[in-house]
Structure formats: structure tokens, C-alpha cells
Amino acid sequence: MHDIVRKVVSGRLEDMFEADALASDLSGRAMHHLVSELFPICRSITGDGVRQTLRKVQEHIPLTTCEVPSGLKVFDWTVPPEWNIRDAYIKNSAGERIVDFRACNLHVVGYSVPVHVRLSLGELKKHLFSDPAHPDCVPYRTSYYAPTWGFCIAHDQLVALQEDEYEVCIDSILEPGHLTYGQLRLSGKSSDEVLISCHVCHPSLGNDNLSGIAVATALAQHLRNRDLRYSYRFLFIPGTIGSITWLALNQSSIGKIKHGMVLTCVGDAGAPTYKRSRRSNAEIDRAWIYTLQQSGSPFTVLPFSPFGYDERQYCSPGIDLPVGCFMRTPHGQFPEYHTSADNVAFVKPAALRDTLERAIATIDVIENNASYINQKPMCEPKLGDYGLYGGIGGKSAGDYQMALLWLLNMSDGDASLLDIAERSNLSWDLLTKAAEALTSAGLLKRVEDVSGK
Amino acid sequence: MHDIVRKVVSGRLEDMFEADALASDLSGRAMHHLVSELFPICRSITGDGVRQTLRKVQEHIPLTTCEVPSGLKVFDWTVPPEWNIRDAYIKNSAGERIVDFRACNLHVVGYSVPVHVRLSLGELKKHLFSDPAHPDCVPYRTSYYAPTWGFCIAHDQLVALQEDEYEVCIDSILEPGHLTYGQLRLSGKSSDEVLISCHVCHPSLGNDNLSGIAVATALAQHLRNRDLRYSYRFLFIPGTIGSITWLALNQSSIGKIKHGMVLTCVGDAGAPTYKRSRRSNAEIDRAWIYTLQQSGSPFTVLPFSPFGYDERQYCSPGIDLPVGCFMRTPHGQFPEYHTSADNVAFVKPAALRDTLERAIATIDVIENNASYINQKPMCEPKLGDYGLYGGIGGKSAGDYQMALLWLLNMSDGDASLLDIAERSNLSWDLLTKAAEALTSAGLLKRVEDVSGK
Amino acid sequence: MHDIVRKVVSGRLEDMFEADALASDLSGRAMHHLVSELFPICRSITGDGVRQTLRKVQEHIPLTTCEVPSGLKVFDWTVPPEWNIRDAYIKNSAGERIVDFRACNLHVVGYSVPVHVRLSLGELKKHLFSDPAHPDCVPYRTSYYAPTWGFCIAHDQLVALQEDEYEVCIDSILEPGHLTYGQLRLSGKSSDEVLISCHVCHPSLGNDNLSGIAVATALAQHLRNRDLRYSYRFLFIPGTIGSITWLALNQSSIGKIKHGMVLTCVGDAGAPTYKRSRRSNAEIDRAWIYTLQQSGSPFTVLPFSPFGYDERQYCSPGIDLPVGCFMRTPHGQFPEYHTSADNVAFVKPAALRDTLERAIATIDVIENNASYINQKPMCEPKLGDYGLYGGIGGKSAGDYQMALLWLLNMSDGDASLLDIAERSNLSWDLLTKAAEALTSAGLLKRVEDVSGK
């Protein structure tokens, strides 16, 4: 059996990523396979769904999991009781499950307290949520901090409900336990860190949740066996309370984070969107935007705003980390958002792959960005003598020659490769190759090599 | 009789403004009524016309009037002799008044010296001014500092004049007297001042002169009984020489003026125009522009230029106050400008009212602008615990929730409400309400409350 | 005979420039005449062609020539051996010169080593260069630093070549000698210098080489008998190695250069192009751009890039002079570039003249730029008292009045005339006249007059 086919058939993501070197569309499929495996699990901000999810990810990367006890004070918040659910349903008087948690875990409002009662339609409706704008979809609702219970159903079903006596059952447990999150730290030469954060708290939702988990997993695999400049910290955390908990428990080391990104809604067919960090023009912002510009395909850059995903916490004024957010179609801007239509099919292998490639390209910028000092700053050096120039004078300089000239002209020890890339609009690959050639020729020196930093 | 009707019928501006609370289009009518009352008065940069005008305004607000003697040196200028005029005419040989000051005071060139002679048409024409571009209008001309006399007439009339012996009479008095201006200071908590300036030196011209007087009067009435942060100084002054005189006499207290605006040509039907102060981006400039943007209707922002109204003096390099100029159609850009067509009908009640509302909105920004410090800057505070957040997670944050989040995120003690307003594009009302709620909840503190300023 | 005609007929450029005062299109013709005289000379980066060129220029301006010996180390470069050529040809077996240096000096690759051999077509072709994109033109190629030989021919001729035994001869001499350049320094009041640089190293190419020489010559003539604020240094140098040599030999005085421009490709029919200096917004950059904007005709401003002409050296990071580059169509962007089609006819008298006028206008800005201090900064001075204002108030201020007002308003000793020109969008002529009038009236003082600088 052909090697690629065998690896794909094996279903092991790691094999599939390896196969990737052989067939370039496979990593998208591998990530999509992970999405489909994680989809049925009922996740919330605490509970066994998160634990199952992290165990699945651990099949691919060596995540550490942390269990933080309910009741712990984390900044202005408290780690909530742990929520687990075994079953839930609404039965009509004929004993038929007309709403069944086992069919779709979105049916239960997240963090619903246990209940087992018989109700008239009127009483029941006070606990039913639907979305008239998307009448055939089950919406996603939660009530983490206000104890209540409820069901989410398609609006079409809601309006068709008959007067009856309904049996309502939510077999959930809400009691002191733990908040669970996963992290992976890849050590680089420097203890300075790049933060990659995704959320793991949504139940059966594909793009809003699982796409980020899949790309973060693949990105960790990609970086794992590489020689890294920075250390990388991957966080797989429940949204909001997870990042708040992590930040509260790691205050002393937050300063190590020099760059970061939240990955969310990264698997739909829309064009890429990058939302700037609170600092607006941090190196990570510039690296993402440069990478998107170089791609030549359409993209959107959003200014920072204090609404969204965990960048809200990373960019709160007392934390203020340089953490942006990469998305494809932003949350709330695709109709499937927070409904049962955000399913496995809504997530596209090609989109996951495209996201992964752009994240890798951006990290490549961060990893290799540096300032150089031109060692022959008085006029241009005679590049021909260093084997860096064609002999017969031609009509126009090629891009590589332009990269050499830009690097020599701007390398005053202050301007970085990224500054030069933005100004010259040349590709990162070309600039790093040219910088390497000029360094080998003794014409450039990296600033840290000069100053001993 | 219905209360509103009675008050309107009474003709007292103050009553009409009170009625305003009941019927929203009345303040425009009240201001327009004041314009029509002031219209017939023959104003100039000095003289009884200014005094009559200020007395009329005093029926509505407690203006103080100042009399500055002719001959006083004010910076590079000298307060001119006082000019008054009783009558003026040109009679043909049949003894008919073919040009009559009593019919239209624009007929006499302002500051004309007295004259009573008989002249041929040829001699007379040397003293006649008309505007061929607007042949049926009487143009407005003055000669304050070069002693001469003249008449302004419609070009149509000029060309129809027959050879004849004409009797020319200007019964004016030009002799040492006073320059008169009015001012009103409303005391606020701070001795720092906001300057509101309008000119009172044009004869029967509606938009260019009376509209500014009417809006400034109404604005003073609006602010009068309010609890103010700043003190407000209203100046009703002759253009150029008036502001120069006031500045020369008040040099020691000019530094108290923190914000200011000139109101001129504020009653025509055109869209609003704001001309920036010399500082270009002073708080008053930003407040006006934010207010105009929030209105959602078209407007124009002009850069500062050293031509225009009294902002020329307030923004001279040695004075350099943060004083902008609000207009509707700028002077010289409407054909009625400085002609008899700039009459009472050219001034629209709705335009006066719109100007007043925008000025009040801008002052509301200045009054309430402040910096806050987030008291829980590490991650977001748990807003639900403060009664500031809905329990069931929805699809998108409402504007009020966004206001809360923006305030918390940006309130580092440096960014002001206006900074946050500009960045978030949220309404001032929403932001100030949200700031109040967050302050009550102990989540924000105003900077002055923190530092004791 | 009419004076103009006589002078033009005399053919002396100086006469023609003098005649210029009488007939405004003549200086263009005079410069074009110089282009046509210089065209046949075979120039390279060294050799007698450069010497002949400079001698021709010396007929018009008192250039000093410098001879720098081969082998001298100049920064990272070495002054190359001197190259001269007497003849070169390719003969077919019938003894006919099918390629003849005497017909077109572009036929020989610049710096070809001497050769005299018989070759088959196959062997010969290894040394033939053509440009398939312009099949009827002879391209221009050089090989200054890689010893080789070659011929450039039209592609049409190349493909028509028959199998034959060819006699190839290049009668060149490549041996230690000198690099020659010309310079002219015009002394102004200040020892601070303005650098004007053009290259003299291209053989029979009109726009790329000779146009710059002609305009620089005419500009020097224009400035020569004038009372100058700055000193002016004109360099007529071989490209790259010439500027490197000059900079290396004059390191100690480089700091005297306060402004500079490279003139190249300034004679084609295209619209003007200005390329900014490395500093991006130096006074020379702003002066050129203001001048181009004031012209009212289309133009292009390019950002700095490290490719082009000798600005590459002047703007290398260790030199970093404020030197921009003025062109019409930039090199490489007109199809005639570096081919035999860049001939005398491609250079247009009107384009040369337009370039000269714009350069003179730009220099006028640099020469007269200064900061002033308003001596009556408190409100506006009463301009009428200084004879600077009309008596009867009119509808709108004329441009001259606006110039007066802008100068008074912005002259705080910091803003320069150029700052005021950019902000007011008024003409330089008007602003300098108004500044003079205000200075005469005692209302402005030049900063250097105040501070004794």
C-alpha cells in the first residue's frame, strides 16, 4: 500500500501531518479529522468534556493538563463549580423524547441546574430558547453564573409545540470540582515566549472552538521538532474564565510573553481576518499584517476592540500583552455562528490548512526578525567582489539584488528585518536569504552578535 | 389659552425657551424672533446701534456692557471715534429721495463722514458702490479707518441713474466717544473658562451677525441655571476691533480660557461647518468634530486659516487660544453674504435650533470629559456581579455593554472619555452613563477624584 | 541681423542662454544643442571620452577636472584601470564590417578587453548581446569589473547572421591611468553647500546621461552670476565609481552639503518624477514636491529606494546626505532606455527647459527659505497703517492679503517659509514678496537677523 494512503488510513494525525510533506493537501484533512473526532463531545467551561477533549489532543502533542479547584479566587472572578451532564430530554405525554440531549448537546443551556418536572406548555416555554432568525437551527446558550435551567430548540419546533403535559429532565451535576485546561511549552533558545491560545469550552460547535484546537495542535506539531528562537506556550483553555485563571496563576511570568495570538473561528471558507492587539502596532500585529499582505489574497485587518475572545483578557489594561486574534469570518458575522449549523461540514480542510500556513509564516517572521548593522556603510560595498552581483550590467535589478540593497541601505542597527520588509515589500524568504548571504560575506552583523545580547 | 401658545404669543424669549420643553421646534422660532427684532437697528463697530442691540439681549440674559473710550491704544490698534447716524439720502433734482437710509441702512458706507452737497452724476458716482454680480441687492461696505463717505446701491439702480444734480446728505457724527461691548460670565465650579464669542457690528444683516447673537443668547439661557464645571464667558463684541480691545484689556486673564468658539453665520439652511483652532486638534476641535460625526448628517471640517472672524485674533500667534469657529455656510460662500439679501427670511428657525443643539452637545462633551482609572485592571471585572451584565450569553454585545468594555479597557488614567468616544464611535450619552455606572460600582475612579486635583 | 538670431546662429551656449531673456524657448534649444555635440563621444567610467565631454562643458562653465589614479582604494572599491578604445568591428569573410564601432559606439561592451581573432558564428555568438524585446535597437552593456569582451547588436541582425568565419577586432587599451571627473564650486554667502550631481559615463545615450549634463551646465550658468546664499557644488562624474571616489576623497567636507539632487533622464517627453532622499522628508524633498505641486501639472513622487543613480551612494547609510533625484520618466521605464533609441531626437528641448525651470524654482525655495518672528504677535497688526491693506472692506481676501495673514499667523520663529507655503498652498513668489513687505514694515524679523546666526 502506498505510504501516504497507509498513513491517512491509519487515522493518526501525526502520521497524517508527516504524510503532509508528501502530499500538500493532507494537513488540512488531518486537522479536519481531529475536528470531526472532537465534535460529539459535550464541552463546557469545566467538566469531563474538556478532559476528553484534551486527552484527544494529547494523542498528538504532549499537553500537560491542569486542574484548578472550584472556589479559587482569580482576580475579580471565582472558579465556578464543575458542571457535568449525563442526559437531558423533554418528553411529551406520549413519552416520546421530542428534545433529546443525546441527539444534539446544544439542546441544553450550558450549566443548567438539574431538574426533573412535569410542566404545561406555558410553563415549559419560559425555559425554551430559539432563534427566529434561523428557525431550523438549534441555538447555543449558556448560563454559567446565574443558576437556572433551559433548553434550546429550533424555532420551527418551538412554534409547532402543542398544549400537553411535558416531562422535563436535565440529569446534570453542578458541584465543587475543577476547571481543567491544557498547556504545552516548547523550549526555544530564549525563555521569552510566544503565546498561542485557543478555547475548548464550546460543545458541538465546529468553527467556533474546534477549528482553533485543530490548528493549534497542528502548529504545535510543526514547531515541536524545530530549533526555535523563542519558547512557545500553547494554551487550550475555557474561554474567559480559563484565560483569567491562567493569567491569575501565572502573573509573575506574564512578562515573558513577547508575542501572542488567539486562534478562533479559523476553519470557515471566509477570507482571513486579523484583529490587532491593544498595542495596535506590536511586532506580532505587524508580522501578521505583513504576512497577509505578502499572500496577495484578500484579507481584513480590524482595529483592537475590547470585545471578542480571550484577547479581551490578555489585552486588559493591567495585563496588556501584545496578543492579537486571527480569525477567518469573525464571530457573529457568519449566520451559522452559535447554532447547530456550525457543524463539522461548515469547517473546511482547505481553510484550516490556509490558517496553519499563515500562522507558520507569521511565526517565521517573529522567529527570524532581527536588526543588522552594515559593516561597510560608506557607499555601497562592491557586491561583485563577494560573489553577490552579476558581472554584465543589466536593465533592472532582480528582487534578490533589491533585497541585498535594501538590507545594506537600512541596516543601521535600528531598523529590523520586518521594518525593511514592510518598506521594500519584498518577501520574507528573499530578505532572510539575502541577510544570511550578506552576513556570511561579512557585510552585515546581527545586532545581538555585536552587542552580546 | 394653551400654555405654549400663550408663552409664544407673549413674545418673551425666555418664555418661549421654557415652552421649548413642551414643543421642540419653538426655540428655533424664539431665536428667529430675536433676529427679527434686532434686524432694523443700524449697528457699526461703535455707536448707539450696538447699545440698542445689547439692551435687547439684556431682556433675556444679564449682559454687562462695557464702554471703552475712543483713542485708547489696544495692541497695534486704537479704539476709533464713535460713529452715529441719524439720516442719509440722495435726492434727485425733483427732491425725491432716490436712495434712503431710512429704508435700508446698508445704503450708507459704514463710518461715512458727514456730508451735504449737490453733485453731478459723474461726481456722485465716485461715491457709489454696487455689486454687478448681484444687481438687485444693496451691498454692504464700510470704511472704518480711511475717512470718506459713500452710498451702496443696487447695481440695477446705479445703471439707471440719469444725468441730474443730486443732493447728497449723510447726517452722521464721527467724534470721540466709546466702543461698546457686552459680556456675561456664568460661574462654574472651576474658574477655567469657555469662551463663546459673536459679533454685533453689522447693520441690517441677518445670518452674518444676528444669527450668532441669537444662538449665543439662547445658549447662555440654557447654561444659566445649570450646575457647570467650567465658567462661561460670552462676548457680544464688534468684529476685529472688539476682540482686540477685549484681549488687550484682559491679557492677564486670557490664560483662564481653556476652550472657545466663535459663532457666526449660524442661521442659514446650509450644513454645519467647523473650522479648527490654530492648534488644530485642541479638545474643543475634537469635541465639535466628534459631535458632528455622531449626528450622522453631513458636515464640513475646515483647517485653521488666518482669515475669517474673531478667531483671527483669538488665534493670533501671541494669543493662541484654543478657539474654533462654528458656521453653517461659511462667509463669502453664500451669494447673499454682505448684501441686503442676507435678511430675516434668509435666517431659518430650524437652522438656529440645529446650531444651538450642536453647541449644547459639544459643551456637554467639554463639561463631562474626564479621565478615569480602572480599579480592576487585571482582566475584565465580572460585570454580572455588579449588576452590569445580562445573565444568558447572547450573540452580540449591545452598545451599552460595548461602552462598559471600552471604558474598562482604555481607562488607564491617561485616555479621556473623548479619546474613548473617538475610538469606540459610541455616543456620548451612552459613554457618560456607562462611566457613571462603573464609577458607582467602584470599577472606575475619575482622575481628579484620585489625585485630588 | 536680429540679435537673437545672431546669437543662436553663433552656436555658443552662453550666447544662447543670454538670448533666452529675449525668447523664452531658447534655453531648451541651447541645452539640446549641447546634447547633440556630446552625443558622438564614446564615454565610459574612465578614459578620454570623459575628458572630451568635460572640455566641451568647460566652454560654458569653468569646470575643474580631477584625475584620480587607477588602483586607489576608495571605500570598498578600487579605481579601475583606464579604458580607451580606437576602433572595433566584426568583419565577415568578405571583409565587410558588419558591425562597426565607428557607426555606433554602443556596439562594444564597455570595458571590453582587446581582442583580434577569427571565429565561427557559434563561437562569436557567445560574445554577442541583443535585446529581443527591442529587436531593431542596439542595447547598451558594460563589464567594468569582470574582464571580458563583447559586442551589442540589434536582435534582428543577430538572427540574420550566417555561418561564416568572422574577424573580430576590439582595439581597446585597458591599463593603469586615471578616473576623470569635473566639478564646479560656486561660492555663496555660506560655506554650506548644495550638491548638483550628474553622470558622464554613458557613450552615445541621450536622455540617460547627456540630458543631465546639459541641464546641470545650464543651471550652473544660471546661478553663476547671482548673489547666492549657499555655495553650489556641481559634480560631473562617472556613475557609481565616480560618486564613491568623490565621497571617499572628500569625507571631511561632506557635512557641508545641506541639500542635493541628482539630475538624470531629464530630457524625455514624460512628466516630472521626484524620488525622495533616504531621509524622506528633507528640506530638498519638500522644496521639490512643493515646487511640483505649485506647477499645477501632473508629476510623480517616488519614495526612496536603494536602486537608481548616484543617490545610492549619497544616501548610503554611512553617508546619508539629503540628496534626492529628479527625473522625467525613470530609468528602465521608457523602452528606449539603454538602447540606441535613446538618441538625440529622443531628448526634447522643451523637456530640458522644463527641467531647468523646475530646478531653478526648487533652488529658489532653498535659497530663500527662512523662519521669521512676528514682531506684533498679539492680535493682528493694523495692516492699513503700514500701507498693506485696502481701505474699503471687500468680500474676500486676495492671495497677497492671505500671504500677509499666513506669514503673521505662523511666524513664531519656528515655522519656515516652506512650512507656511505647504500649509497655505500659496505661491513662493507671493510669500517671499509678502515676507519682504512685512519685514520692511518692521512686522517680521528673519530669525538669523534676530539671533545673529
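A, B and C label the chains in the order they appear, each numbered from 1.
One rule holds for everything that comes next: contacts are C-beta pairs under 8 Å (C-beta built on N, C-alpha and C of every residue); 3 or more make two chains touch, one makes a residue touch a chain.
As the structure is a computational prediction, the values presented were derived from the model and not from experiment.
Summary of the copy comparison: rotating chain A onto chain C for the best CA superposition needs 120 degrees, to the nearest 5. Residues touching across the chain B and chain C pair largely diverge in numbering: under half of the numbers involved belong to both copies. Between chain B and chain C, the centres computed from C-alpha atoms are 55 Å apart. The residues of chain C never reach two or more other chains; the list is empty.
In the complex of the two chains, the chain A residues touching chain C come out as 374, 376-382, 384-385, 391-393, 395-397, 401-402, 405-406, 408-412, 423-424. Only residues 75-77, 109, 129, 141-146, 148, 150, 240, 243-244, 247-248, 251, 278, 303, 305-307, 312-313, 315-319, 332, 337-338 of chain A touch chain B when the two sit together in their complex.
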